[in-house]
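Next come the structures, one after another.
Each of the two complexes below includes chain A, the first together with chain B, the second together with chain C.
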Partner chain A sequence: MSRGRSLGRALLAHKGGLLGMAFLALVVTVAAVYPLANPRSPWAMGARPFLPPLTRGHLLGTDMLGRDVLLGLVHGARFSLLIGLMSTVVSLTIGITVGAVAGYFRGWTDEILMRVTEFFQIIPGLVLIMLLVVVLGPTMWSVVAGIGVVTWPSVARIMRAEVLSLRTRQFVDAARGLGQRPLAILFVQILPNALSPVIVVASVMVASAILIESGLSFLGLGDPNVMTWGYMIGAARPFLRDAWLLSAIPGVAIVLTVLAINMVGDSLTTALNPRQARKAERA
Partner chain B sequence: MSEGPDPGREPALLAVRDLAVRLPAGADRPFAIAGIGFEVARRETLCIVGETGSGKSVTAHAVMGLLPPTLAVTAGSIRFEGEEIRGAPAAAMRRLRGRRIGMIFQEASAALNPVRTIGDQVAEIIRAHERLPAEEVERRVLAGLAEVNLPDPRALAGSFPFRLSGGQQQRVMIAIALALAPALLIADEPTTALDVTTQAQILRLIGELQARRAMAVLFVTHDLGVVAEIADRIVVMRHGRIVEAGTADRILNAPAEDYTRRLIAAVPRFGGARPAPPARPPALAAAGLTKTFAGHAAGLFRRRPPVAALAGVSLAVAEGETLGIVGESGSGKSTLARCLMRLTPLDGGRFTIHGVPFSDLAAPALRHERHRIQMVFQDPYASLNPRQRVATIVTTGLAVQGVPAAEARRRAAEMLALVGLDPSAMERFPHEFSGGQRQRIAIARALVLEPQVLIADEAVSSLDVSVQAQVLALFAAIRDRLRLALIFITHDLLVAAQICDRVLVMRAGRVVEEGPAGEVFAAPRHPYTQALVAAIPGRDWLARDPTHSPARPRPE
Partner chain C sequence: MSRLSYIGERLFRSVFVIFLIMVASFFLIRLAPGDIVDFLMEGGSPDPEYVAALRRSLGIDRPLWEQFLRYAGGLLSLDLGYSFRMQEPVLDIVLARMPATLLLAASVLAFALVSGVALGIVAARSLGRWQDSAVTALSLLGYATPNFWLGLMIVLLFAVWLDILPPFGMTSIGMGYTGLAHAGDVAAHLVLPTIALGTHYMGVFARITRATMIDVADMDFVKAARAKGITEAQVVWRHVFRNAMLAVVTYTGVQAGHLVSGTVLIETVFSWPGVGRLAYDSIASRDHPLLLGTFLVTSVLVILINLATDIVYTFVDPRIEVKG
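Moving on to the complex of A and B:
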């Protein structure tokens, strides 16, 4: 309890983290509320194309097909964040399980799981995702699965290292002496102590997942039914010289969001590392 | 509080007066130390003795000008060789440290840089203070290593710290501290991490060097036995203040203050053996236990030879009996505990607990029989999961046995009361407790399963002496009340003498001597046991101390 409170205080003491969290809260709120106020589809072509920003009824103007840019941006925020979060969940689920099991059981289990991990690490990530999306068909789920499959090895490696050092602690021996089952020891005794570095990596992973998804959409491999920031940039690419704002606006959205998530990740690193947290409180 | 001038003594080399160090806001008291005053003369050893949090280390660091930035000296004076050094500029302090004042710490392995050779690290301090040709530096390095009785200084100078034993590393630290012949040596618990025989050698070495160089020694320790061995004068500290100060003879044999008396009374000592308990059926019987660890890789193709941690150990403990297992580090006593707990698989041998062939049980049966034998670990800071509440920690074992949650909570609360903790402890986390309280939680966790055998692996060695006495008394009480067979593993012969009925002396995986505790320690037969007993610091003082009544902690 006191730990939770001091973690909160350490997070708030970090100005960058506070700024990042405020920005993310704003993005989430707008993404949740704006479509309620303006229930049109972001794909609806209701106006003249290439309207400049600050036109009446179209705050950020319209694109080459007359779609409202602000509406696209808001729906893009929904799906970009959603894809970022979901693919991180996929990646954490695989990575934590593989890393924890490999680190705790050692021996041939460890050997096999680590060779599999290396197999995924040596394949160029973007190529594997593109392959998966092409094979599975371009849906949001295949994009999420692809990103998750490519990013879990780093989680697994961190997790394994943490578990390797924790499994020799006396409280783990004590639990074994009490007769607790190995999987219970792993999940009840070890995991809660091993999560700090993983949480930090996860926050950065949300950001990189958004970037990967944008890259895929830019290449035309995203879900064609889902409006994302990457799609908006990609679609506006032929008009880069005439209407550069159409690419720049979603681009800036990506930059700011990724920056905010990284800042939150930084402050988490500091807050979860007691020595740095104390320094931050003094400063 | 400081003493009046003593005409028989040399003028003070170091004179500290009214020294105060403020703690940062939010600490449990405003000052780390306050009103500290003492003097150290040449050829003299002043011991600062106190328990955890007494401010003894802060005092030593303040003299060196090595306090962490959060602590600041707020009052008082520190005069060294007649000059005020409190608040001296950093450059002046750097010239003083190493050259006029040497310092050694508790963890030699942490103080030595692992990636640089021993010779390099000794040479560094010489080069930092004096400009000398390389040959002269090398000559001095070798002479320094020879002076601390290290074998083959030339080969040693070229090797890295990990090749050295703990005792050898501490000798290197002493060589570094004394490389420039300082007038004052400050030693902060320099032997606490060492085995008792190694400790005796290091203490003797410091004494010899001190006599040869007419050096003053300021020795910080928690161990009154060590104090009795080496001190000329003693300062007793508590809660950042001096309780009393005086000559070693006066403080140790006629303490004026109540706290000092209690501290001395809490020191465990020989002579407390209780009458042999009536013969009872054995609770645990083991025969021919063996365990060999494969050698570590040494280079690409070589391996160090395998280590026999247990080479045929047999033992038996009866209900209500305490068997002590004593020995130095590497003797295999902790491996024995882990094998009996079935945390480490045995290579050979069998043991039974109340007739159950515990060593042969396979996984599912083992889980159901685990309650028969439980263990209390050495470090109460490492043996409790920091993310779990005490209630969870204590009830986990019961949950494994299939006890319903409400029933488990009730029994956990009862057990916490038995070990002397408030029921409100249930909802708190381990970090909210002191070391002694944490060890009580660990004891409750083990006892709540109603084991027939309890193993205590160095369970009191990380505790302050007064807390240690309380926890020992608790062990004795629960052993008698629950008719436990207690296996008490310790490196500290005095602790073993205090609580054990029989002892087993181990060395390199073998039992070298076994017998009733009183007999083994009073008249050891094996040379190794004799060496261990002879190395106990302050044993002459402990033997003659009049304030101590030989009553062993025996409640009820």
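Moving on to the complex of A and C:
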């Protein structure tokens, strides 16, 4: 309880983090509520194309096919955040498991798992995702799986380091003395104590997942049934000269969202790892 | 650990990771529904006997481990397959595109290094003042901006509105420049893609340099050097710069794959005739062997860069021997 309260206080003390959280809350609320008020499909081509912003009924205007830009932006927010969160879950699941097993069992298991981790860390991630999406078909699930598969190594490394230092602590010895099985010790005793640095990485990971997804959709490799910010930028690209706002607006949405998530991540670092934060502050 | 055995261990690791890449690429092809023969026969109604003969001749009817051995043997003898769309061996196509990508990557790193280190030094020397905050804000923006979007926006600004730089390509078509004029032409075409891809790394290098400056300034050997009366410029050059370079070399090695990923997007935005653009085009033309080939070649390239940075490290950082 007291730990939760001091964590809350530390989070509130971080101005950038508060600002980031407020912005994200706004994005989430709009993404959740606006489609209820305006239930049309973001793909609906009702209006005249290339209407400028502030036109009646189309606050941000319409695109080259007469689709409402604001509606696209809102649906883009839904899927950008959703894909960001889901791929982070995939990434955490793989990373925590690999890192924990490598750190706890050490020896050959560790050696092999760390080489595999190195492999995924080294290769050009976007090219591997492109391969996966091409092979598995362009669905939201293959995009999520692809991003998860290339982003887990940093989680695994941090997890491994935490587990390596925790496995020699007394409470772990005690659990071993009581006859608990290794996997039980790992997942019940060690894991909950190793999570705070992982949470910090996870927040930043949502941001980088959103950036990767936007790149894929920009190239036209995303799920063709899902309206995303990257798709909006890519689709408007041939009209850059005459209708540059159509490319600019979704890009600003990406920058602000990613910036907000990173600022929340910074505040989490301060709150959860004060020592590392003080170092980062100077950094 | 001696330098030689350190390098030996790194070499062994690299070979192992290359082996993993071969395994991964082998299974990636087999994840796809249907095999290469189905793909080639797509849309037609081929004679079943001909299809069976084709499968036999390609060896797809053999057991999996035998196929893998053949595949790996092919890769080791530099046979990355054949692009049926472009009627050329995959390796030749990829290698022909490599210089353009290496030029872009070198330009990006040079830009990021010079501007990032300069900004980092400025920030560290004005801690807590507006210059420092401005550099931090710029880095944060650099992290958060998608490079392809930044590319489009600077094309809009510098090529469309101001009309002072070429918007895409590597050379001006039909001008027939040679010698210095050609070099200048390519340099002009390099500016926008370099900024688009380099801004992120500029932010990273600025933060690394700033942190190193602050760390080093506290250390006893720097205090001693100052007490001895050497100038501020000498402190920065001899101690700070060298330490910052260490961090930057490490980072570049680790992030080389990230840089290659970035070239896919940036080369597509700027129609830059490199490997990244090739990867994108191979998807558009459904040329799977070529896409896999770009993955293989770029991965191996990144591993070699990592190996190189590890080896450079042993020369730049004397501590590595004790650290082992």
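The criterion applied here is as follows: the second predicted complex is superposed on the first by the 273 of 283 C-alpha atoms of A that agree within 3 Å, B and C clash if a C-alpha of one lies under 4 Å from a C-alpha of the other, contacts with A are read in each partner's own complex, and residues count from 1 in each chain.
Basically, contacts are C-beta pairs under 8 Å (C-beta built on N, C-alpha and C of every residue); 3 or more make two chains touch, one makes a residue touch a chain.
Not measured: the values here are computed from a predicted model.
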Which of chain B and chain C A:Leu178 touches, first, second, both or neither: first
Touched partner set for A:Gln121, first chain B, second chain C, both or neither: second
Which superposed partner A:Arg169 touches (first chain B, second chain C, both, neither): first
First (chain B), second (chain C), both or neither touched by A:Gly251: second
Touching partner for A:Thr97 - first (chain B), second (chain C), both, neither: neither
Between chain B and chain C, more extensive residue contact with chain A: C
Partner chain in contact with A:Ser196 - chain B first, chain C second, else both or neither: neither
Set intersection of chain A contacts, chain C complex versus chain B complex: none
In the complex with chain A, residue positions of chain B that touch it: 338, 341, 343, 366-368, 370-371, 374-375, 377-379, 382-388, 396-397, 400-401, 429, 432, 442, 445, 449
Sites on chain A touched by chain C in the complex: 115-116, 118-119, 121-128, 130-132, 134-136, 207, 211, 214-215, 218-219, 221, 230, 233, 237, 240-241, 244, 247-248, 251, 254-256, 258-259, 262-263, 282-283
In the complex, chain A residues that touch chain B: 1-3, 169-171, 173-181, 188-189, 192-193
Residues of chain C touching chain A in the complex: 13, 16-17, 20-21, 24, 28-29, 31-32, 140-141, 143-149, 152-153, 155-156, 160, 207, 210-211, 214-215, 254, 256-258, 260-262, 264-265, 268, 279-280, 283, 288, 291-292, 294-295, 298-299, 302-303, 306
